[in-house]
Structure formats: structure tokens, C-alpha cells
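Below are structures written as C-alpha cells.
Shared between the two complexes below is chain A, which has chain B as its partner in the first and chain C in the second.
Right after this comes the complex of A and B.
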């Protein structure tokens, strides 16, 4: 499933401006510890987190993640989003909790 | 004239809910002297209300206390703040209290005892000191530096509440003075594991009396001050960390 389809299916809000929406999403990973994401997320995963520190961008790029979903209506600061645009990392927002958006993504993707 | 001074810059007191209630400022200073420390950093979670008693006890025991605090950032990274004087850490405390939601539940998290230098209980801190502030990591470091203090990433090697666990790596624009490692690993192991671009110190993060001084850093400095210690961290003007 592509990122674009997931963004539409879950009603996510694009916080970055660049286009990379035909990226294939291989699964999801939900975690707020960046060390854990660095160790365990897989390439193409959509990462669900409440962390908004700018290091999320570097971790997503390092792990070649499909994008970052920031939960609970939290908004990364402008510097984080500027970096995300520069590094071509998709940052998406949702009012949902990590539990809810993870469940909805799981329903779309299955157990991947 | 330079002196070699042994410092444990990260020690809790009974103000921290997770510390042993027997860690009164007086008991902490007595133990610090017994284990041969010259400089002690008093750094409770998100508060500094036992610093005055520690400063008074330090005079009696002939040690130097650096007023400090272990601030929890919004990312749940622990940052050690150290100052020359109580006024600065008190100001930081005001800023922290403005950004620290919640009230302590003693049954769940433990007591937060404010004591004087004679081991008498003055009161109990009502804030949720175990919680996180809403201040971002950059804001915490900026606040500490604005008050003339040292900002150190606490227990850098640990898997909880550390800069590495929460944020994966040291952000390149973060203006820290040093990284602190716990007694669990050696300086050599830390250098091998992290290849840090920042100076390393080691301290105990003591929550119980017997842990005080288990991690320590030897400073070669002219006197005990933040300016001198910053020079030592940077290896400037003949000041340095002695390994």
C-alpha cells in the first residue's frame, strides 16, 4: 500500500510540503524511544510517535522509513519541519492517540 | 596553584521521590566526606529545595557543594544542571515549576522531603517531581546557560531517560558542556562505544547513601567554580580532567 493511500485512509494531515506519496509502506512501527526505532524499525515502515524533537527526522532518514505520524495533535516546531522537507521525510499529523492510529493502520496493512 | 579535586556531580537527596528517604542533606554530605570527595553536585529531580541545607552541611564537613538539579525535558531526557550559587538554581527551579504539570502521589512515587541541615523535616514538595517538564531539550539547555550553569546530558549510557535512549544520538546543534556516564561502564568503554565529541564525566547518580562517590571525576582546577570546571572540561589554560 502506498503512503498516499494510507494518508487518505487514515485521514492524516500532511505537515511537510514535499511529494513522496507513492512510496510503498512495508508496515508500521510505534515507539517514542528513538534508540528503539533505530534498533528495530524496518525500511519502509510508517513510524507512529509523539516525539517532536528534530532528531525524528534524522532517524527516519537513517532507517529509510516511509514517514512519521505525529499523534495527539502535537505539532513539531518549524525547524523540525524545515529539516524534514530538506531531507524529504514525510511528517504527518493526527488527532488520534498512538493506540488508535496504530490500530487503524494495522487494519489497513495487516500484521506487517 | 592547581589542585586535583574529586567530584561526584550527580547525587540525589530525600527530595527526589525515588531516592532513599535516609538521604538527608546532612547524611549525604557526611558520606561524601567519608568517601573522600571534594566536590558534590546536589541534583534532585526538577527541584533544588534541599540545596540550602546541603550548602550549610558542606561548610561543616569542609566540602564544596555545587547547587544543581536534574531537569526532565519534554522528550524525557535527563539534563544535569550545575551552578555556583543557590540563586541561579532557584531561578531555574521557578522556570521548571512553571512547566511541570501534576502533583506528587506519595503512595505511588515516594515522599519528597525538604530538610534542613540538622536533619529536621521542613516540609514536603507537592510537585510531580518524577514527571517531565514541557520544556524542550534545547530550551532546558538554554535556560541553564542563561543562568551561567553547566548543562550535562545525564547517565548518557543508560537505557532510560538518557539522551541516547530518548533521542538516539546527540543533536548537532545542542550546546551541551559534557556527557555524563554512570558507574556501570568505564570511561574507556564509553569512548569506544560512543566516540563522543563532547567531554565525558562520570558520576554516581546516587539514590542511596552507599552509592555516593561510586562514580567520580577528578578535576585539575585552581578553585571550585563553574568557570574553572568548564575550562577543565575543555582542557583550557592548564585545567583539565585527570583520568
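Right after this comes the complex of A and C.
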């Protein structure tokens, strides 16, 4: 399933002007620990987190993640979003909790 | 190709600079990508370089990373000036961390950094002198066909 289909399916808000909407999403990974994401997320995963500081961009790029979903209505500052755009990392927002959006993504993608 | 004779890059890392943290690892990733290094190997390098870089940012004053490539292996040597590590064996334990509350809130300080370097490296040597600094030596082998 493409990132665009997931953004539409889950009603996510695009916080970056990402051009990578036709990127295939291989699954999801939910964590707020950066080392855990570095160790265990897989390329093409959508990363679900409440972290909003600028270091999430480098982690997403280093791991070739499909994008970052920021939960609980949180929003990274403009500088972080600018950097995400520059690094071509899609950042998406949702009012959902991590639990809820993970569940909805799981339903959409199946057991990946 | 220059790479056949071996290739070396040097990067400076500033302690405490969370705004720039991760830049060196992104540069390393870019270099490996341009050389056509096997993505599976490049991903292991990304994990070890990021964790080593973040440790300098979090705990040291400054550091220098040297990335060396030859047809057999990728070598990373990261030497820093900083407080050093009193008990390197304890530091290597999963879950051990002296990260501040502020770092933990940012999602650092899981105590997984050094263990993950060890898991992803073919060789990992951690030496440290208290009050002086720490040195990480990491080797990741390129399998035959590990590059384009």
C-alpha cells in the first residue's frame, strides 16, 4: 500500500510537503525510543511516535522509513519540519493516540 | 576506482550539539550509497555510526570519526575527548545508561546504543580513559559482492 493511500485511509494530516506519496509502506513501527527504532524498524516502515524534536528526521532518513506519524495532535516545530522537507522525510500528524493509530494502520496493512 | 586503493573520510562531532546530531551518520550513509555498497551492510553501518555519533553528542566534549573503506571492510574509528567510561563492561550492558532526564524525554538513553553496535559490527573494541576520552573501533566486513 502506498503512503498516499494510508494518509487518506487514516485521515492523517500532512505536516511536510512530501513528494514521496507513492512510496510503498512495508509496515509500521511504534516506539518513542530512538535506539529501538534504529535497531528494529525496517525500511519502508511508517514510524509512529510522540517524539517531535529534530533528531527524529535523521533517524527516519538513516533507516529509510516511509514517514513519521506524530500522535496525540502534537506538532514538530517549523525548523524540524523544514529539515524533514529538505531530507525528504514525510511527517504526518494525527489526533489519535499511538495505540489507536497503530491499530488502525495494522488493520489497513494486515500483519506486516 | 579510488575505492580499490582504499578511501578515508574524517568528520568532526561536537558534544552537546543536538541540533546537528546525526549529520555525520547521514554523510556516511550518502558516501556508502554513492559507492554502491550493499544496502544490508549500509544499514548496519548506519546503526553503528549513529549510536557512536550520538554517544559523543550526549556524553563527550568533542570527537572525530574516521571512516575507512577498502575492498574487504568498512572501518569506523571514533575518538572523543570527554569524561571517559569508568567501567566499559558495565556500559556495554543492555539497559545501562547515565543519560539525563532531559535526554530520556527525547527518547535517548535506552541503554541500547553500545549493545546495538556490538550486534551489528563484525568487530567492536571499546577503550576508554577516565577524564580523557573514549575510543570506539568498529569493523564491518564487505562480503564478496558487497559492492556494485
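In this section, the second predicted complex is superposed on the first by the 112 of 112 C-alpha atoms of A that agree within 3 Å, B and C clash if a C-alpha of one lies under 4 Å from a C-alpha of the other, contacts with A are read in each partner's own complex, and residues count from 1 in each chain.
Keep in mind that, in the parts below, a residue touches a chain if its C-beta (ideal position, glycine included) is under 8 Å from a C-beta of that chain, and two chains touch if they have at least 3 such contacts.
Small disclaimer: the values here were computed from a predicted structure and weren't measured.
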item: When chain B and chain C are modelled together on chain A, clash or fit; value: clash
item: Chain B versus chain C as contact partner of A:51, first or second or both or neither; value: both
item: Touching partner for A:43 - first (chain B), second (chain C), both, neither; value: second
item: Which superposed partner A:34 touches (first chain B, second chain C, both, neither); value: both
item: First, second, both or neither for A:61, with chain B first and chain C second; value: second
item: Broader residue contact with chain A after superposition on the shared chain, chain B or chain C; value: C
item: First (chain B), second (chain C), both or neither touched by A:86; value: neither
item: Touching both chain C and chain B, counted on chain A across the two superposed complexes; value: 32-36, 38, 51, 53-55, 58-59
item: Residue numbers on chain C that touch chain A, as the complex places them; value: 18-19, 21-23, 25-26, 29, 39, 43, 46-47, 50-51, 54, 106-108, 110, 112-113, 116, 119
item: Contact footprint of chain A on chain B as seen in their complex; value: 75, 136-137, 159, 164-169, 171
item: Complex contacts: residues of chain A adjacent to chain B; value: 32-38, 51, 53-55, 58-59, 77
item: Residues of chain A touching chain C in the complex; value: 32-36, 38-39, 43, 49, 51, 53-55, 57-59, 61-64, 87
